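Note that the chains are named A, B, C, D, E and F in the order they appear, and that numbering of residues resets to 1 at the start of each chain.
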């Protein structure tokens, strides 16, 4: 029954990493709450770095600052 | 006042199907809860099949298995 | 696979109305997108009228104005 | 058309503060994107501090540490 | 701690407008609830106008009607 | 930067289980995507079993059937 939504910035998350997130999250819900994997959804949203703000700034800006 | 979010995998949902989902959902809220269509939002999110997991697997994998 | 989230104000939605919303939404996804009901989630969130704003106002205020 | 969802911990947010959040958010969308307030939704979710984690910890724990 | 999700239709929102939405929302949460900007997330989702329905219609249709 | 939302039915999830979900999810994002725990949010929503539908039925009904 669980529905898990993982929002991350779209910074080249690979297919294998997505599989690892799905696997790990589903296993966690089995281990902690004994949920049925067959009815456990994990949905990953990848958000453009212009569209994610933290501390007043867009992540795009924060990344640029981090590389200067 | 209702806000409905429909998340489905991005497997070629047509414009007409989206209209049918919007129409049907709005009508349901009118029929069941007597809501005002003019302030009823229906938002459809289409999710990449790599990004949707069920039963430990990405839907991409499940689709491939279903076609082998 | 679909996940549907229905947000409405918490204005005495009955158990039967919730069942009707779940039934109707699931049937719609079967009819329009041929989805499998066994893996179709419908989650209803009921939101306090103080916590829902439209046109600058809380729904609580709008309801009071409507009854004066 | 905008839908804004504000999630905060349920730490005694007053009705007036909720009105201020609704008012300010709606005005921001008018000012920045020229959106119509009559079809701008702002929904505030208040989350129990046991249910919100940051840096491995529940906010309940972080609050207790902050007061020791 | 706040997490704010702003959903708007994908009608050419510029990078500067996104920055203004992030800035304004974060400042609002500082002013109203004294929240820490460093742990305030603002995430903007841009939704295709075929995927957003209001009053039974897709926004794409509403926009076309408005221009006829 | 990640924001993770875990929705489960409100069937007596304990404080310790919530901590385990927060801990496990945060660690997963560190391990898989090398994310910073200090800016990783995990929010758990507990949904009434009348409000969660799967396969046309409310979970309340499914639970009753399972116990008959």
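As a working rule, a contact is a pair of C-beta atoms (placed from the backbone, for glycine too) under 8 Å apart; a residue touches a chain by one contact, two chains touch by 3 or more.
Note that the structure is predicted; figures quoted are calculated from it, not measured.
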item: Those chains which touch chain E and also touch chain A; value: B, F
item: Copies chain D and chain E touch via same or different residues, half shared test; value: same
item: Per Cα centroids, the chain farthest from chain B; value: D
item: Of all other chains, the one whose Cα centre sits farthest from chain F; value: E
item: Duplicate of the B-D contact set - from A-C, A-E or A-B, the pair where over half of the pairs recur; value: A-C
item: Chain pair showing more contacts of the two, C-F and B-C; value: B-C
item: Centre-to-centre distance between chain D and chain C (centres being mean Cα positions), rounded to whole Å; value: 20
item: Chain centre separation (chain A, chain F; CA means) in Å; value: 14
item: Contacts with two or more other chains, residues of chain D listed in rising order; value: 1, 3, 7, 21, 25, 38-39, 41, 43, 52, 54
item: Every chain pair in contact, whichever chains are involved; value: A-B, A-C, A-E, A-F, B-C, B-D, B-E, C-D, C-F, D-E, D-F, E-F
item: Complex contacts: residues of chain E adjacent to chain F; value: 1, 3, 39, 41, 43
item: Contacting residues of chain E [partner chain D, same complex]; value: 1-9, 13, 17, 20-21, 24-25, 28-29, 31-33, 35, 39, 52, 54, 59
item: Chain C-touching residues of chain D, taken from the complex the two chains share; value: 15, 18-19, 21-23, 25-27, 37-46
item: Chain A-touching residues of chain B, taken from the complex the two chains share; value: 7, 47, 50-58, 60-61
